[in-house]
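Chain nomenclature is as follows: A, B, C and D, assigned in order of appearance, with residue numbering initiated at 1 for each chain independently.
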Amino acid sequence: DRPLVLIAGPCVIENEVATMRCAERLMTICNGVSIPLIFKASYDKANRTSVNSFRGPGMKDGLKILKKVKEALGVPVLSDIHSIEQVEPAAEVLDVVQIPAFLCRQTDLVVAAARSGKVVNIKKGQFLAPWDMENVAGKAVSTGNDNIILTERGVSFGYNNLVSDMRSFPILRKIGYPVVFDATHSVQLPGGLGGSSGGQREFVEYLGRAAVATGIDGIFMEVHDDPEKALCDGPNSVKLEDLPALLKKLKAIDAIVK
Amino acid sequence: DRPLVLIAGPCVIENEVATMRCAERLMTICNGVSIPLIFKASYDKANRTSVNSFRGPGMKDGLKILKKVKEALGVPVLSDIHSIEQVEPAAEVLDVVQIPAFLCRQTDLVVAAARSGKVVNIKKGQFLAPWDMENVAGKAVSTGNDNIILTERGVSFGYNNLVSDMRSFPILRKIGYPVVFDATHSVQLPGGLGGSSGGQREFVEYLGRAAVATGIDGIFMEVHDDPEKALCDGPNSVKLEDLPALLKKLKAIDAIVK
Amino acid sequence: DRPLVLIAGPCVIENEVATMRCAERLMTICNGVSIPLIFKASYDKANRTSVNSFRGPGMKDGLKILKKVKEALGVPVLSDIHSIEQVEPAAEVLDVVQIPAFLCRQTDLVVAAARSGKVVNIKKGQFLAPWDMENVAGKAVSTGNDNIILTERGVSFGYNNLVSDMRSFPILRKIGYPVVFDATHSVQLPGGLGGSSGGQREFVEYLGRAAVATGIDGIFMEVHDDPEKALCDGPNSVKLEDLPALLKKLKAIDAIVK
Amino acid sequence: DRPLVLIAGPCVIENEVATMRCAERLMTICNGVSIPLIFKASYDKANRTSVNSFRGPGMKDGLKILKKVKEALGVPVLSDIHSIEQVEPAAEVLDVVQIPAFLCRQTDLVVAAARSGKVVNIKKGQFLAPWDMENVAGKAVSTGNDNIILTERGVSFGYNNLVSDMRSFPILRKIGYPVVFDATHSVQLPGGLGGSSGGQREFVEYLGRAAVATGIDGIFMEVHDDPEKALCDGPNSVKLEDLPALLKKLKAIDAIVK
């Protein structure tokens, strides 16, 4: 078992300056605690609660920014795709192509992403059992590409709530691919604010520590230097200044269980 | 309140002959009980459990068959779309364009479907509360098209199981659009057979009667003349020969509550 | 299948006059719609949310009042017991001895209630699957008394919420005993008001109609002439004046499905 | 924050020799890893799935055995009570009186247990939200005894399944009392074997590590030297020989988060 990896970044690309600055700070923080970083940011939030929500700069401009981040900092970058047409341009820039949770059962999208030859991070749908991901992974692997990551981000638990089932990690790992815990989307309260999703940032640390203690390959967190002002998913984003202390604990727990 | 409408047909278009024959039998049955029919069949099952599952004839051939059914029998037809590109060709044939449950949060798809000017049937995601559909409907209505149908098809209840919350119907109806109960997908056991979804056909009648008793606008059922041999969703499809007796009861219950 | 029976009354015995008056009104209403009545009232609410909640007159005084109701009106009476010691005195008065949902797994209590020879109404725990009730019923039947009623009252669905799974009724009926739907506790929001349980009275009618449409033996409802002033479970009690119209619909639906 | 405590022992007192031997082995193991032990064993399993299940030696003989264990080994002992009458004799022997999860809402039982002056360990019902335990604790504290422990043991998640919500620990701790995680009952599959509950022993370690990583006061585990032969809850009991390695990891994680 290799040590824990961090996938982190802002929920959405707000603009080039903010994105670059966030990536730089994350690099510094990760170097400080010796945790490898994959930088994550979305160019389009395609499934927001309301039609009026901010969606990002779009694919073309967004990928340009991610390319700059990648070249300037030498950090691998990850973003999510929402249609087959996006796979090719995205794969030219991205190191990891991500399938959103709501789309994880769309056969053609998973297959197209896998055909790109890139690492594919498949988020587990909120409506799936952990063992259901074996068939989902099978769709990607049918292309010959088995560079797959499986990400747990909570499962539906009544209305407007998710629960993180810690049994999910050993079950997912048995499927045979690296397993990541998305600690910030897992504390979302979907639709919980009426016109947008609520979140419980205060639980990110607890869930993150718990998941790492089960033995996982990576942890995923959306971060922001001022979550109250974030244009997307602020309520469940981690404040950048809180990250170093959290990562130190995660790394220490990781060392014990591996 | 107008009397109950039936949306029914095979899960997937298996071939032209079988589809036409199914539609004819449904027309005869519906005429016999005076229930208006909208014929439903999918040309592509884009989110099957396994990559090896049968998916259907594809959009082009499938729409051709649906067009023939529509012209031969004079019945309105409904099918589901999976990408923005499909909206235009689908809208040329279909009377009702359907958004699959897993895709109900994809803003661009909902907006594109609504822009077609057709009636849009939006299936409620298994991961959503009934009141969450107000924002979903709002995405469609933002185009100026308010010919919307909202369809309940069960909500995640633990792993590999759905529950049909009967409170959902009065809540959905308050949003202001016709509400349909999908009585056959609601008895699915998602992923319950390992490589495919299981189903509990024996509960369709009970859930259907219950939903109609709450006062709804339509009922959705996938049917097959021999469900054991169906190429998709057989375990939860209703046998055609059982349909007349069931519809008679539904119609009688509907008359009491309206 | 015999026609629907009603089990109804106030949540708790508030005093003799109010209890008698409620029973009289229920008798009049039930005679008007030809539905047999079993009068229900609790002498002690032993598991309220908070230690400060009103609990009732206690067993001795409560049973005295129930005896008066029974003798004055000739109506069978039902109440719930909470310990083995209560079985004997309760069985002297009651026609139906009820096991509360939280206590349905307490072997000695179920066995003692069954040994009284009375009809035993066992409420299904919010934490049980419908098929789990076969073993619960088996505890009662082990005494030789098979006069058992099984009552569904909702199942835990996330936090502070219950859902009524309509599949439960055919499953429970297969166990072999009459099945009742508790339409008022099923709309409780357990602990939903902080210091007490909330409730959604507006859904009683919908859930009641739905359950009856599946084909059940009886319906259970807590009623009050002024639910806002009820000393227990007001938020989910049915207003007495709304009952006749509701019962008429239930009776009509019942006639269709039996 | 004080270091982690272990509450452990066999599910049920099978006989004096086996119970004493189990306690001795636990003492040795706990001394080896410097974790304080509270010895747990039940004298009566009052709510087994089936009426035919083994229940234990009964209160009188069971308490005698627990007294011997306590005096011989100098270890504090815990057991659960099921009626008010049991409180007095149980409190003469026990250091910690435990309220079973199904009974945690029985006001009189909680109050009587608290009146004994002993430490009261209240298990959180499978049907309760973590914040609901504030009112439950309030019933005990109303007696003036605030030596309370709150134990999480999973929450209903669909049928025949429990999930351990790791958010529960920080929420329960805010109520103000020590919080324990019951790592073996949390992996029960209630009623999952038809005539008895199933269990997933393989997940105890994962859930235990996760819970400790959130920062808790104690961990509760049922153990057996040969779980396959245990007379109760074998499927979710930890094999004694596996305990030392597990405890070492828990202790190391505990040290990081406190």
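The criterion applied here is as follows: a residue touches a chain if its C-beta (ideal position, glycine included) is under 8 Å from a C-beta of that chain, and two chains touch if they have at least 3 such contacts.
In this text the structure is predicted, and so the values were computed from the model without any measurement.
Set side by side, A-D and A-C show the greater C-beta contact count at A-D.
Between subunit A and subunit D the centroid-to-centroid distance comes to 37 Å (mean Cα coordinates, whole Å). Chain geometry summary: the mean Cα position of subunit A and that of subunit B are 33 Å apart. In this assembly, the C-alpha centroid of subunit A lies 48 Å from the C-alpha centroid of subunit C. Across the assembly, subunit C contributes 157, 159 as residues in contact with two or more other chains.
If you sketch which chains touch which, every chain touches every other chain without exception. For subunit B in complex with subunit C, the residues that touch the partner chain are 157, 163-167, 169-170, 187, 200, 202-203, 206-207, 209-215, 249, 252-253, 256-257. The part of subunit C that touches subunit D in the complex is made up of residues 46-51, 55, 82-84, 102-103, 105-108, 111, 125-129, 131-132, 135, 138-139, 142, 155-156, 159-160, 190-191, 195.
By the touch rule above, subunit B contacts subunit D in their complex via residues 157-159, 161.
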